[in-house]
Structure formats: C-alpha cells, structure tokens
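There are two complexes below, and they share subunit A, which is joined by subunit B in the first and by subunit C in the second.
For the complex of A and B:
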C-alpha cells in the first residue's frame, strides 16, 4: 500500500482534532486568569474564578438545570417506552402520523418549537406556566425522539425467538415482558435517558424563550450574563457544565456501552 | 413484526399511544399550527386583532434589514455546510479506515463536543477572536500587524463557530456512509492498478456522495436556526433570522413578525429535510 497519502491524512486529522478541542481547552485555560479578563494565554494564575462559579448566583441555575434534565429524562422515558413498543411491535391506523409527530421535534428548529409554546401558553392564559412547567413540557417534547429511537433500536435488535421461547415454555405475556423483554432493553432505556438528559441540559434554543428569572437553566443564565462581558467566571462555569454530561456518559458507558447507541442513533440521521 | 399476542389484541397499540399522542397534540402540534396561522394575522404587539393579512410577510421580505438578515442566514448556512463537509470527511475517512488501537477513543473524542452546550463551544471562539484575543496577541507579538484586527463581530466568526459546533454531525453522517461501502469495491480498483488517491477519487468519493449531501443539509438546517453562536460572535450588524426572532418575541414584542419569521424558518427546515430524504433514498446499500 501507498503510505504517503495516509501519513498526510494523519497530519490533517491531527490538525482537525486541534480545531475540535482547541476552543474547549482554551475556555478551560481562560478560567485561570489572574484578572477579570478573558486573556489567552492566561496572565497570572488564580483559582478564584472557579470559587466564584460556586456562588449561589450560579449554583441555583446549575441545580435547576440538573433537576430539569433529570425530570425530563424520566418523563421522556416513561412516555417513550409505550411509544417505542407501539411503533416497533404493532401496526395500527394513524401509525405513520403519530410517528412523524413524535420524531418531528428532532427535525424542526427547536427555536420555533420554543416560540410556538411561548405564544400558545400565553394566548390560552397559561402564561404563569412559563418557567418551570413550560420548560419541563418543552424539554420532554424535544427529548422524546431520543428515548423513543434508542428504545426502538434495542427492541429491534432483540431476537423475537427469545420471547417466543419464553411463551412456549408457559410464561404469560406479562411474565415475558417482565422477565425477558424488559431486562434485554434496559441498556436502551438507560441510553435513551442519558441522551434526553444531555439534550435537555445543553439546550439553549428552546429555554431562551420559555424560562423566567429564578426559573432558568444554566445555559440561559450564562447567555444573559454574556451581555455584560466575558468573565473568567463564565469560562469556569462553562467547563463545570461540560463536566456533568461527561461524567454521566463515562459512568453509563461502563455499564451499558452507550457508544454503540450514540453511533446507531446519529448514524441513522 | 407482529407477535401472536399483538394480532389478537388490536386495542393495545391505541392504549399505548393515546396519552403520549394527546400530550404531543396539545403542546407541540397545536402550538406549531397556531404559530403558522398567527403569522397571517394582524397583531398589535402581543395582542392579535383577528384580521387576516399577509402584511407580516410583506414587511419581512421588503425591508432591507430583514432581507439582509434572511440572506445572511442562508449564506452562513451554506458556508457552514461546506466547511463541515470539508473538515469532517478526512476525519471520518481516517476513523473508519484506521487500524489504531485508539480508534474507539478517537471516535468518542471527535463526538465529545456534542456533550457540551453550544455556549461552551462558542465561548472559546470569542476568546480566540476578540480584540485582545489569542489571534491578535499572536499576530501582534510576531509583528505581522501593528493594530489589533477586528475579527468580531462578523459573519466569518459566526460561520467558524457554527462549523465547529456542527462538525460531529458531519462526522457521524459521513462515517455511516463510509461504513456502508463495500470495501471489496475499493480493493478491486486497487488490484486493477489504481493508486490510493485515484481509488478514492474514482470510487470512494462518488459512492459516498449521498452521505456528503446528507451531512451538508443536516449542518445547513441546524445552522440556519442556531441562536447562541450568532448572538455571541455576531452583533447588531450581523443579525440572522434566529436573533431577529428573539428580538421580535422578547424585546420588541412584535409577535406577528416573530411568528412570520419563525414560519419562514420552519418551512425552510422542512424543505431541507424533504430534500435530504429524497436524496438519502439512494443511500441504502
């Protein structure tokens, strides 16, 4: 084989990785600046901005985001399991429509779904829901496609003969579900929850319109503070908010091999 | 695939989808339909008068400020799509073909930006490109320039930031298309005497063309509706559709124009999607 082009490709790929990771590493470095300016390379060395990031002003939205993302993941999974079963196992009139509506939020601009919800809730007199409830509803809508698709993938990957074998040995439909089907799709359920969590936790396009002061995720809090300038505190906070999904995926990856799902999930897009 | 239990109980699927479908109908379908109809209704601030009109669209499409924002949005979308493909193709090709023991780690690393909020990813570009930023510091210290360059706010900065943020989508789409390629076809070309580069240009590239188009359209569709990156790396002179929508909905409280701009964005995305699936149909195999 001709090694020349391959070596050239390796150099190009190294440069691409620098492009991918550079901005994130630079953000981390900026948080160590001595003064309240976003210099790079950092001037002086200080940990005070990391301390600042733990001030109540930032911990509150961070905790709000965590709670919102966790609840969104749970609700999206609870709604996603019956939908995935219906799509994967049954034929029924209107299936194509329900399926399109379920996966729609993945394709339509999240920002438009957000302003539609803002306008709708206000017009029907539920403007007081803006904030926590609107965010939960909106995030469940945009995260649902992730849980439905991941669970559907694991249902599809499961050999049907396993369930038939259990049934032929005398297990009733509920027993098959409880002892055969469910344990097999558990990795898919957890992977779907992780995607929903991350998608909710990193969202800005929807939250921007339906959050309110005191009830806003950390992304919206950072965004609105950016109007006053870029401080190292925000850099520290950005990195902290990146670590949370990273730790989650690393933990989950140990148990269920989430990488396979990420690849299958996105590869189909 | 129907199991025996499924066929005997036609009521089951309805029970399964009833509540989720009702939830989506109330909070997703109706609001979206409402937004589309509101874009054709005259309104006074956030109060709709109920009079049907196409004036909202006429306003958006006739005023130079809005025209430019719409045009800029699509030009940035196209540029982002092209950069995403040019950068992600070599990376995806390497990741699919490498025999390195680090392959799994490298794939995870290339997708890791998906875990970060777009704000984290954009912040770094602001640090690099601002007047006191890394680029200006480097160029000044080497002596190439005497005065710091104004790299921000600009459409170029928005384009770079978005291309960086959307790169994983390009990598995933092209990797999927390279994985679907039968390696024997390339081996056949090489055994007939074609070099690696000629094999790539004559065989691999044409066969992965649907993946390239799919990745381009995906990046394009996400880029035109992105808010955070244009808001951080752009300014009043580089408004795009998403930042204008934010102004209409939250600051100017002109919901008629906001709905109409949202509708334009929505329809553009659906058209792009239809185009993708029409072209993606050939991807199988």
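For the complex of A and C:
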C-alpha cells in the first residue's frame, strides 16, 4: 500500500552494501593498473602488480602472518576450551574477575593492550626478549576472548540433559566428553579458532608495538609501505590478505558447519 | 520375599537450607508403574534425579533390586531414563542414538543392530534408523528416547515428564502407548508428572508429593476417592470441601456431622467425636433434585442455583448453600435439566459418596 518507507529502507540497505563492497571492488580493480599509479578506473591492463605481490618482500610477511595466526588460533583454542568449561560449568572464587580479565581485550582498544604489554615486558626485564614469543603472547591475549566466547556459547546451548542421558546409558565422564559433549561443541571450537585466526591475521595494533623489525606481519609491512603512497602492489596484496580468511571460513563452514556461529542461523533442533 | 525393584528409605536432599526432598520412603514392586505427582517445586523431579544418580542424597538409602546404589554414579546404575526434552544426541542418527547404551556396554556389532531394530520396531519407528533427530516430530523424538532407554534392558525405567512437550492429541496417544508398552515389558517404572490426568490413567499407584514429602500413596481410585489430606483432595480433580464437626462417635465407619450447610452423614477414617474435620464431596457425586426429590437415606441440603456452565456432555452448576458458601455440582447433560439462576433446589449426596478428612 504505502511503498514510501519500504523504498527508503531499500535505498539505505543498498547504500550500506555499496559502502561495504565498493572499496573492495575498487581496490581489486586498481591492482590491474598498467602504470605505477592507483588510478580508478584502471588505465590499461596488467598483471605485473600481482606478480609483484608475490615477490619475497611481500610473501615473507604474508607467510609470517599466516604462521602467527595459525599458531595463535591453536594456542587460543587450547587455552580457551578449559577456560570455557570453567566459566560455564564451575563456580570458583574470583570467577567474575578471571572472566572479566579474559574477555577484557574484547572491549579494550588493542592499541592500549599492545602498549601495556610492551611496558610490562620491559618492566619485568624481558624487553630484550621482545619478538616472536612476545608477539604470540600478545596475539593470544587479544584472540582468546573469541575462542572462549564461542566455546562457552556452544556449551551453554547444549541441553544439560544430553550429558545426563549419556551417563544414564552407561557412559562414564570421559566417554560422555568424548562421544557427546565434544562432538556437540566442535562447531563452536572451530568457529572460535576461525575467529582467533582472522583476528590475529588482520591485527595491526598489537603487532605495531611488539613485532621486531625482522619479523613483520603483513599488516605492518603494508602500513610501513604506505609511507611511500598507495601503489597497485598494495592493492593486490590487500586483496590477497582479504581472500585468505574468506577461503578459510568457507572451508570450515563446508566441513564443520560453523555457519551457525558466524551467521546466526537457526541452531540444530 | 522378593526385593522390590526400587526402595527409597528416608531419602533427603537439601539445596542450601531448603530440603527439596524431605525424608521419602517408597517401594516400587517389580513391574509396577508408580507416578510421582505434585506441583512444580514439590521435589518429584529431584527425587527422580536422586534415583538416576544425577544428584547425590544428603541422607537415606536407594536400593535397586535389593542392591544399595545411592553412592554409585549414574552410569553404574543400569537405569533407562526418558527426559522431558528428549535429550537425543543431535549429532547422531536415530540408530546411533538407540545404539549408544549398547556401545557403552561393549555389545557386539551384530547383536547391537538386531537389538536396535527390535527397539525401533517396539516404538513403531521401523526404518527411521538413518534419520537425524532434527528430522523427526516431537512424538517421534519421544519414541526414539523411549527406544534408547529400553534397548539396554534396564533394571527400571524413569520417565521425567515425557509428555509435557507434546500437543494434546499426541500426548493422549503416547500416554496409552507408554502404558501398554510398560505393561507388555513388565518393567518397573517411576513416572514424574504434574498432570493428574496422566497420573490417574497410567499408574498402578500414585505418590502425591508436596514440599518434599509424600502426602499420600495409593491406587488412582484410593487417591481420588479417599484422599488423606486436604492437599491431596484439592490437587486431584475438583472437590467440594465443607468444614464440619463430628457430632457423634463414628459407627461402622460412618459419622454424623454438623456443617454450616446442614447436618450430614459421611464416611470417615478415624475422626473422633467433637473434632473439627472437613467433609469432601466430588462435584459429580453431588446430585440435584426438586423439593423433596432426594432419595431416602441421602443427605439433602437446600441450595440456590448460581451460574450454570455448559461444557457439552456435562453441566457445571455452581450452588450457594444455606450458609452462603459455594459448592459445585457436575451433572450429566441428559437434556432434561432446566435450571435458572437463583432457583431454589435440593443438593443431595449418599453418605458413602462423602469422605471426611482431618483438618481445622
């Protein structure tokens, strides 16, 4: 009847998607420029900037970031599983404090967490030790909330009676964990892992403070290169580092069904 | 004498200062269907969880077939349990759900597949083995839960409000199905519900619970017709309760009573003369007649007709008794009842249809 408000809504939604997708598409297009300038629309057509993006200068930080993100995701998950169980299942003194500290990085600006970690490491005399391990610690700190949260949510979503049912059918505590609890929360575990990976892979704030010159994540490398202006190489590189998490999430969604966690779909019945 | 399938003795479970289960004694005979009935918070589910081993009692004993189990964890108790929310394993097929208990017991692959097929057939779900729980309707899920609990041939069956998540029609269907299955298998069963209809139709005996205690235990007819307390009387069905005094020492189980609505004679347990008691009459046993229409030997009170509620097969007639208190009569709608609000009428009952309980 009254199409006015609906049309307005359509325009707003279209604008939102335009602003989400537009920059990505423009960046992708810029990477095909013939010259060393970031023209849009691109002038001429060339793949040389893509070739450039695969030069050791860029592949090295890219691989470094991938490795760091993978390791961060694994460590954060390994710590996150017992933490999620503790928060979800048990009462212990100081629980609220421990939980706030664990989830804190979620609301603290990473910049602040980064500076704080840097200060802390210097004060306790490990300043010289800064580098890979400090970077890993920093990344685990900021990624841990993601794995803890998703695992805790999947634990919470599981009806308690399911574990009781397994116990009444003769399953001891370990068998309950192995055959019932764990398989049910596996999508949550992988979703948390994916979130941790992506958060680490895209982080720059923490890395800026903690990374040693020789060991630079790709985000820091891009940032430093930006001092010389935005080149088509960077555009190609940006698209590459955008595709990696996308592919990862798609693969996980395909094989473990983490879609429920990412897209808020209706859970299993 | 054979041991009962289940014996609870002086069972106590406290949560903080509150005793959720406050000294329960109960024996369930082999093959018997016993219902724990009560309002929410009465301790019936806590009692079931104590039997299953999900909770540990603070005091008392639980014996299954003569063996004390109160210190055993649930997985060593050999009980089949059906949960209110079915508690099917969402990541397993129907067949794997049913097979779970057998797998935990190390039953061979061939025997497992035979027994799973048998169990699914028992609950009329042949051919559903490959489905996932989320592809089933509520009723079908409940059947899978039942098959999963029965396939392990447990010492007894525990049912925790298994029908409360089903819609009305399905609930009645499952009610008779669970009953007939239980009878056929002859498995001792404890059933927890807040639904008196389920309790009355399915049980061999009902234990009515309130405040962590068993108020009364007996057959459905005993519970309905000879309630021992006011709580039991009013929790099951509707009932008229009239305060009364015992006028004479009871003879042959009948007592002469004085009530505000008029003198009465009623069946009595052990009430003595002069004591304040409660006279109870079920609405369907309170009859209506015109002046002088009550049969001889009946207790007849004069009353006025209040609202008449038409329910189809029956009429619910609200009455105002001589002292102004209200009562309800339920009459079969035989097409000949013609009542007007405010009309004078005689409400009568036979002494054997009225039952005296203790009370102030």
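One rule holds for everything that comes next: the second predicted complex is superposed on the first by the 257 of 269 C-alpha atoms of A that agree within 3 Å, B and C clash if a C-alpha of one lies under 4 Å from a C-alpha of the other, contacts with A are read in each partner's own complex, and residues count from 1 in each chain.
In this section, contacts are C-beta pairs under 8 Å (C-beta built on N, C-alpha and C of every residue); 3 or more make two chains touch, one makes a residue touch a chain.
If you're wondering where the values come from, they're calculated on a predicted model, not measured in any experiment.
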item: Touch count on subunit A, higher of subunit B and subunit C; value: B
item: Which of subunit B and subunit C A:104 touches, first, second, both or neither; value: first
item: Subunit B versus subunit C as contact partner of A:113, first or second or both or neither; value: first
item: First, second, both or neither for A:21, with subunit B first and subunit C second; value: first
item: First (subunit B), second (subunit C), both or neither touched by A:169; value: second
item: Touching partner for A:183 - first (subunit B), second (subunit C), both, neither; value: second
item: A:132 touches, of subunit B and subunit C: first, second, both or neither?; value: neither
item: Those residues of subunit A which subunit B touches in one complex and subunit C touches in the other; value: 164, 167, 268-269
item: Residue ranges of subunit C touching subunit A (in the complex, touch as defined); value: 52-54, 73-75, 77-81, 83-85, 87-91, 100-101, 104-105, 133-134, 145, 148-149, 152, 158
item: Subunit C contact footprint on subunit A (complex, rising order); value: 159, 161-162, 164-172, 175, 179-180, 183-184, 268-269
item: Contact footprint of subunit A on subunit B as seen in their complex; value: 1-6, 10, 12-14, 16-17, 19-21, 23-25, 27-32, 34-35, 38, 46, 48, 87, 90-91, 93-94, 104, 106-128, 130, 132-134, 137, 164, 167-169, 172-173, 175-176, 179, 195-197, 218, 221, 224-228, 231-232, 242, 245-246, 249-250, 255, 258-259, 262, 265-266, 269-270, 273
item: Subunit B contact footprint on subunit A (complex, rising order); value: 1-2, 5-6, 9-10, 12-13, 16-17, 19-27, 30, 37-41, 79-80, 82-83, 85-86, 88-92, 95, 98, 101-102, 104-105, 107-113, 115-123, 137-138, 140-141, 144, 160, 163-164, 167, 173, 198, 201-205, 208-209, 219, 222-223, 226, 230, 234-235, 238-239, 241-242, 245-246, 249, 259, 262-263, 266-269
